[in-house]
């Protein structure tokens, strides 16, 4: 074991605390918070860390998520590394400043402790909140377990602040299953994280700074002279930043693996896919149960593999196509709904990716885990069975709702 | 750009020119601004000259603008620069000494010069005119030696001069062709009051007489023959028989001239890039609509400002409202004023109301048309000439306050204006 | 051009007693230089030198006897140089320079070297010596104008005045937020890559101005930098959708100055009603028809709400009283170093309220003189203090009658507004430490 790993330490905590500890390591300048289930314990931890002096950030206890994100925008424009976390209705309330953040190219990190959306009234996990904002220009990363939450939150700062990217990042971890799920995690040493992240440089491109006076976000576009070209210029560069994120994030993961000895798949993880006939595609904490189901099926001789989506926005099209190229059919398990397409949003993205390649294979859609419902190994057995049937040409026309009878 | 190219070139350094210069600088702080004057002195007003002639004003203290003023206004004053020709096509002017200035925009504010009537023998006697400071100084000098003075012409220039000469102890006679003094401003009754004051101060007022001949007696003095046979002796002869616009330099320029240089309501002449203002200009008359040469200081100021604003494309410019005869006049401790057509006779829709103040408390004549003020003359009455001027220009309907206005013109006019700007 | 002192005449208060003229004649020895004249119908008017900025009397003087003193602003007259031609009286449209036969020369007001005798002589309060402009000029003229010279504001809008004054005062070491509305609409933040101010300035959302500024300020505080952080927001961004973030920031005591420029509606987007729109107002969303007659409820009075937020400083202001505004701006800036400072500036909108552009300042003045707008400041320590108490308010109809958006109102409705104005004044008085100390 090298010295880096030696100086880390093992702790036991839930995903919310892991995220909070990652924030401590990232040393943001300004953290603004407002509590919401199932994120509350995360911001409580942050407040405690600040109270204890473990986190030397300005803590703004704003009066709502709208102001939380707004305060961070101001801070970021003044040069601050910034962080917050929210969930479900909080994200909805935050929406107005939220949609604006990528356009301002503010490299924030915001954890989404995912939650199903109202209504029906519910306070439990589900990814409907995060999926609802998947087209806002934020980078979205989904984590599988508590350790990945911790590592990814730290890496997310490096991704957001990378000069080729310069976009805000949502690190999503599932409400209930990750927010409250406790496990043993390795906490990297602070000095090593400092070396990994470096000093924040967040407002070199746009600033509210008397030493560099400028007008931030003047009216742009319209049919006036240069308006259209100017607006297109901004939008295209935003798209370029998004596209660059895939490679940058891969490099960051490689570096992380080198420095800390944990190698996560940055975009999609292929699990036992080499000789698989079918794949199940997962996102978030369900992946653990999915992998168990794959192992069990393998034990029974079924050639099943798993594709875990980690980076969801930008969508890792090439990686997904490469993985799908190895199988004859795929079953996609979504934890939310795309109302327009009568399928899950991930399903829709996979279809789109396939269309952009010569590959054609049957896809089966599954929707499960809404409003805190569990997706168990049993559910995945069904996923495997349905997908196997689809590989034989029997493709259901609409999604299978995994918890329909639970 | 050369040393002798100005964006704004102003010819003439008196009221119209000065006001134009200031107005240009309000709107355009930068464009090169040069003022040419044929004088060798800093700018002064012709109106001050009678007081210089009398010794009341010191010639070195009558400046309209000093070097500091030009610096503050980022403008250059070129003295001894008499313009003798204007070439609108080349946008250039030529000076008497051959120098040449080019311009983008030119203002002619050359004022007026005295008219000397063609009287037999006049060219062979010593006489004075009064338009320049040198004229005033030479009158002043002559006054100390002279005993008998004759003033030809009872206009403002002549009246001012006559008074100062009388005050200096000279034996003064005025000769005026017309039956009344200051006939362009005052009606016969008011004129008579003014004339009588002069007579009380021992000035001989020979009205309705014409000078026929002049003849030198001893060097510097002369004898004058009038049309009624009267002969006068003069040690000092002042010819104040009127003025005409100083526009000789336009002779071959093709610019339209009449009695003066014809201008529109923005003081633009017919030639592009050339403006004219003041005594040299002939602008629309307010009441008649016919272009007139007005020849008064307030009009020169008004026109100069309009010309300057237009030259500098000042968006706040309000075009000329039209010229109105107006003047204030102090004489022997009394004071008179006339605004508008105060001298016109009654009739033809014109109403006049005269208040003779029992022969003691001054005099006031109000002239109305359609219940609007068109003229007012007063002697020894406190009146705000400026307010009355604006009441006329605004064609203020006096019907609602007619009685009040006629009985208390000062207060009523003040109240009307006060309400207007408050 | 520098500003100058002037004497203001309030005709409603004048009863023609002539005490001012007596005082002037006594102070100056001779005829009075101020003249009160009957205007018919029992009213009174005035003739008095206005100490013009571009005086025509001076232009008309051939003798150099009149002169505008750019320091004091007074148009001075020199007996020594005067030749009694009286041409100056032709230049003056105000009856401000007059030939007096007793004196034998023209006379004019010289403001008695800064303490005009006529003003205190008037027992009715009909004369006011306005010296603020000159004072302001002295303190602010040399400060850099940080605002763009050309703007697309509506004619007569007083926001430009306010912004220019404010930016001059706060200077370059500041960050300014201008949420959507008339203020950025007139070009304050700029268009397509061009800025409207020579300082860091930005568009927050309509809703999050105070929060964004709080973030800016916190970061600079963290770095140990003292930077002035100011919001120039409209009433929509303060009273309505912006209220939550404003309230939150105030409660947290964020060290920022929030200036609400209240034009009583969403004027930039076409004159829709806001929470600040007063009862009876026509707006495009509270139109006047056969059934409805403008806004049916009173406006929300934000400054009063801000008093309940533990702010370091709360004050109201009017651009007709710029000296008062500057005093408050000064205090508010100081307060914003220790806590939240809130200034509420009333900004009549010629376009949206339908009154002539030239009348804006008069409208501002009448708002205050009728108590429709009250000028006060509040701190937790000293309570509320009226900075321009109006003891004898004009009838509200004097103000309402000038404004097109009220033109459909009948007496009963005007009385209703009057009643709510009276209630508000009484209510505010309750916040005075010693109600009798209200000036």
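Chains: A, B and C, in written order; residue numbering restarts at 1 for each.
The rule is short, and it goes like this: contacts are C-beta pairs under 8 Å (C-beta built on N, C-alpha and C of every residue); 3 or more make two chains touch, one makes a residue touch a chain.
Source: prediction; values computed, not measured.
*Asks:* Taking the mean of each chain's Cα atoms, which chain ends up nearest the overall Cα mean?
*Replies:* Checking distances from each chain centre to the full centroid gives C.
*Asks:* Please indicate which chain is farthest from chain B, where distance is taken between mean Cα coordinates of the chains.
*Replies:* Relative to chain B, the chain whose C-alpha centre sits farthest away is A.
*Asks:* Measuring centre to centre with CA averages, how many angstrom lie between chain A and chain B?
*Replies:* 88
*Asks:* Mind checking the centre-to-centre distance between chain A and chain C? Centres are C-alpha means, answer in whole Å.
*Replies:* Roughly 53 Å, centre to centre.
*Asks:* Quick one: chain B and chain C, Cα centre-to-centre, how many Å?
*Replies:* Computed from C-alpha means, the inter-chain centre distance equals 44 Å.
*Asks:* Under the definition above, what is the set of chain C residues touching chain A in their complex?
*Replies:* It comes out as residues 172-175, 184, 189-205, 207-208, 210-223, 227, 244-245, 247-249, 251-252.
*Asks:* Could you pull out which chain B residues touch chain C in their complex?
*Replies:* Counting only chain B, the residues touching chain C are 15, 19, 26, 45-48, 51, 56-57, 61-64, 297-298, 301, 305, 326-330, 333-335, 337, 339, 380, 382-387, 389-390, 400-401, 404, 410-415, 417-419, 421-422.
*Asks:* Over in the complex, which chain A residues touch chain C? Could you list them?
*Replies:* Listed in rising order, the residues of chain A that touch chain C are 29-30, 32, 58, 60-64, 66-68, 70-80, 82, 96-97, 100, 207-210, 212-222, 224-227, 230.
*Asks:* Any idea which chain C residues touch chain B in the complex?
*Replies:* So the residues of chain C in touch with chain B come to 9, 11, 35, 37-40, 45-47, 54, 56-57, 59-60, 62-64, 81, 83-87, 89-95, 98-101, 104.
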